[in-house]
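Next, two complexes with chain A in common: one pairs it with chain B, the other with chain C.
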Partner chain A sequence: MSKWYIEKGDQGDIVLSTRIRLARNLREEPFPIKLDAQGKNRVNALIRSAVFENDQNDFSFIEMKDLSRRQAVSLAERHLISPEFAAKKEGSALILSKDESVSIMLCEEDHIRLQVMKAGLDLEGAYDIADKLDSMLDARVHFAFDERIGYLTQCPTNLGTAMRASVMLHLPALTRCGQMTRLANTVSKLGLTVRGAYGEGSQPKGDLYQISNQITLGITEETAIANLKSIVLQLVAQERAAAAELMKNPAEEDKIYRALGVLRLARLLSSDEFMELISLVRLGVARGLLDVPMEKINELIVNMQPATLSVMHSEADGPAARDAARAKIVRETL
Partner chain B sequence: MLCQNCGKNEATTHIKQIINGDMAESHLCADCAAHLGYSDVFSGFGLNLSELFGGFLGDMLPAAAPGRVQRCARCGSSFEEIARSGMVGCADCYTTFYDRLLPSIQRIHGKIKHSGKIGAAVPAAAPQEETKEEKRAKLQAQMDKAIADQAFEEAAKLRDAMRALDAEGGNAQ
Partner chain C sequence: MSKWYIEKGDQGDIVLSTRIRLARNLREEPFPIKLDAQGKNRVNALIRSAVFENDQNDFSFIEMKDLSRRQAVSLAERHLISPEFAAKKEGSALILSKDESVSIMLCEEDHIRLQVMKAGLDLEGAYDIADKLDSMLDARVHFAFDERIGYLTQCPTNLGTAMRASVMLHLPALTRCGQMTRLANTVSKLGLTVRGAYGEGSQPKGDLYQISNQITLGITEETAIANLKSIVLQLVAQERAAAAELMKNPAEEDKIYRALGVLRLARLLSSDEFMELISLVRLGVARGLLDVPMEKINELIVNMQPATLSVMHSEADGPAARDAARAKIVRETL
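So, the complex of A and B:
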């Protein structure tokens, strides 16, 4: 079955994916920080039976303790779980739909972290699915809710709608023009956050950024989504304009062709080098310079991450073998 | 624990990262974290974590120090525990410590009144609240439509109905 992230969605030249995450807790149970493994398993069993009672998503139930470290990290690399959750063992579980577009972390920071992913920019579509699943669960378990401060969460930063909406953007031209710091500052004044989608810190890998809403209390889901969407569309327009400007320089165009050349011929590719080159190639495809399907690029960006690569290809064991396997797959794909 | 980078200051920023498929943990002081570009790590969670703790501790702890420690009847958390970890123990903690949590909540979100989806299993008082808000929203929508259709008499009636509804709410509080 094809995974959601392989498709190319709306604004697909720049927007890779959309994610909606809802945090929910059971009213009668202490929050995960106050639960031992036994208590967490009790909560997980309750939620599990509520989800599976009317399962239309072909869900599977995974206990984190049954996964190898590599499998767990691979789930985090694909943004299906949080990095913190990848380190958890006893008492933490994951419900995952077959196409991996819906994932429900059980006993992460909250009892329920329901997440829906869509290709391209589709905040309304993703929220619609999350909302329906949430209402379905709400009819079967008692959620902790307070009419004054909304859904009750373990961390007060998520109170209110407890919804985090985020969009992953590929912004190579704006990055190259040195505009990202300025844009991140502007966006933060509007109640949104921009950060690197892969690798925290100042230099995001592959020029991939995640932009998300920050405030959850006192703002409806619809308004938060509309705000985020309007900012994303403005960023998309700015990136396109910056890319058009950048392409006027023959040296920049040259970099794109060279990147494709290296990816097509290299025998060893480290993760960092791959991300740097694939970002250039993606820009070339977005500008119509290169005739490579965008879906293939998106798939490579997800699947060539270290742990995911090792899980999918048994020969990619250890850093050196992994770099060789990565180069081989990239060569064959491009 | 001392900062792994400078080895001088207390480590206050703890970072779990996935590097090349492996989990790595770093413990840094605030200066080194900012210097190494980790200053925005927590921004995705809505705020700088130290601000949250600062807010909690600065405002709340002195007031709580004297006398007996109040604890949540369900999970046993004290307010000091919540302030220290930045994590609330259970749904009842929000009721028990509501007044003490509120200033921090306001500092995080800027607002203290939820608007948006309302849970189905809300305690008895809430559905009434919900219908009233819904009623107002409906009236507002009808009035907007009336204005758009230039049916001003109708719009005035709807406006009066909304005012009456608002006055009701004022009395209730």
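So, the complex of A and C:
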């Protein structure tokens, strides 16, 4: 079954993916932090049976203790679990749909962290699926819910809708023009956050950014989604304008073609260099300069991360072999 | 008619070309430095009629004053004339065969500078042609010749055989291993000179070296050629060994593939960068790593030089347009 990220979605030249995450807790149980392994397993079993009772998503149930470190990190690299969850063992579990578009972390910070991902910009579509799963669970378990506040969560910043909606954007032109700091500041004043989708450094790897809502209290899901969507569309328009301007410079065009040349022939590619070059190639594809399917680019961005690469290709063991395997797969793909 | 450098000759993985140059002067005339324009033209007309009397080489007669600066520099770039000769005007002329393998500078330093070029290592073949032309001229004009010394030339360093034999070698592996300084010193002790074939800097452009005999007095042409050939074959063997060693390093192999990737897709290529990258690609072809015809590489090395590029492609006017035209031709060729 092909994964969700193989598709190219709405505003696909700039928007890679949309993610809706709902946090839920069971009324009868303390938050996971107050539970021992036995207690967590009791919670997990309860949710598991509720989900699998009428499974239409071809779900699998994965206990974190059964995964190798590499497998767990690979899930985090693909944004299917949080980086913190990757280190969890006994008492932590994951429910994952076969196409990886739906993942449910059990006993992470909250009992339930339900996440739906879609290709491109599709906040309503992702929310619709999340909402249906939420309703299905709501009919089978008792959520911790307060009429005045909304859903109760361990961390107060999630109280209310307990919904985090986020969109992953590829903004190479705005990054190159040095506009991202200003834009991130503006966006934060509107109750949203912009941060690098990969890497925590000053310049996010691959010029990929995650923009998400911050406010969950005193707002409906619909309003939060509409706000986010409107800002995303503005960023998309600004990136397109910046890219059009950038493309007028022959030296920038040259960089894009060279990046493709190196990716097509290199024998060794580190993760950082790959992200730098694929970002340029993605910009070239987005602007119609290069004839490479965008789906292939998006798939490579997800799959060429260190742990994911090692899990998918057993020969990619150790940094040197990984760089060689990465280069091989990249040139075969492009 | 295809040019001599299109062919791939003996030891063609490392040897690009062989050149034999004979200096001759007319007995009845002072050296060119002592001649005015009228005197030079008289000398040129005499030699011209001798050469064209029985022309089997499809020669053309070019007066330097009729060439644009760019055309003259292009001839120097292709080693058909000396750089100094490119600046000459009235009284300087060139006789050039259609395949550009034979060129005769008239009234350069000496009255006659006859040069024969061949692809690959072919000292005997080039000398044979030069010798025949020399005999033909000798039968028609009177050379300045001294029984004890040999041919008389303006510069004492050419007295005797007045023959300069040189071989152009591509030595990327020896250069990368930092062995060229040591080798050049050793070679100079054997009466030969090694210098960069292009550019006067510490590292010759494209790792191309010219090795030539220095001694012309008290030695026969055959001995001088045999000495040079023996040293060239030793350098060829050393370069092959160094290259085999270098190829064991995956990072070096990676560099070669990347160079091809950039050359195949770049939109802008400066002359210096082109020479750096084509040298790596040539090494890859020489070692059987890349499947590109060596003739194409050799042809590009000759034709992508600034003035030659401008002469051959009218759109390559000015540095920026030239870099764009160079990139276009290179990617279409590779």
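Note that the second predicted complex is superposed on the first by the 333 of 334 C-alpha atoms of A that agree within 3 Å, B and C clash if a C-alpha of one lies under 4 Å from a C-alpha of the other, contacts with A are read in each partner's own complex, and residues count from 1 in each chain.
By our rule, contacts are C-beta pairs under 8 Å (C-beta built on N, C-alpha and C of every residue); 3 or more make two chains touch, one makes a residue touch a chain.
Computed from a predicted model, the values in this text were never measured in an experiment.
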| item | value |
| --- | --- |
| Overlay on chain A: chain C relative to chain B, clash or fit | fit |
| Partner chain in contact with A:Glu124 - chain B first, chain C second, else both or neither | neither |
| First, second, both or neither for A:Arg264, with chain B first and chain C second | second |
| Partner chain(s) touched by A:Asp99 [first = chain B, second = chain C, both, neither] | neither |
| Following superposition on chain A: angle at chain A, chain B versus chain C, Cα, nearest 10° | 140 |
| Partner chain in contact with A:Ala324 - chain B first, chain C second, else both or neither | second |
| Partner chain in contact with A:Glu253 - chain B first, chain C second, else both or neither | second |
| Contacts of A:Glu273 with chain B and chain C, given as first, second, both or neither | neither |
| Contact breadth on chain A, by residue count: chain C or chain B | B |
| Lowest inter-chain C-alpha distance for chain C and chain B in the superposed arrangement, angstrom | 20 |
| Residues of chain A contacting chain B in one complex and chain C in the other | none |
| Contacting residues of chain A [partner chain B, same complex] | 25, 27, 29-31, 33-34, 69-70, 73-74, 76-77, 83-84, 86-87, 109, 131, 134-135, 138-139, 142-161, 163-164, 184, 188, 193, 195, 199-203, 210, 212, 214-222, 271, 305-307, 309-310, 319, 322 |
| Chain B residues within the chain A interface of the complex | 15-18, 20-23, 36-38, 40-41, 43-47, 52, 74-77, 85-91, 94-95, 101, 104-105, 108-122, 125-126, 129-130 |
| Complex contacts: residues of chain C adjacent to chain A | 250-251, 253-254, 257-258, 260-268, 320, 324, 327 |
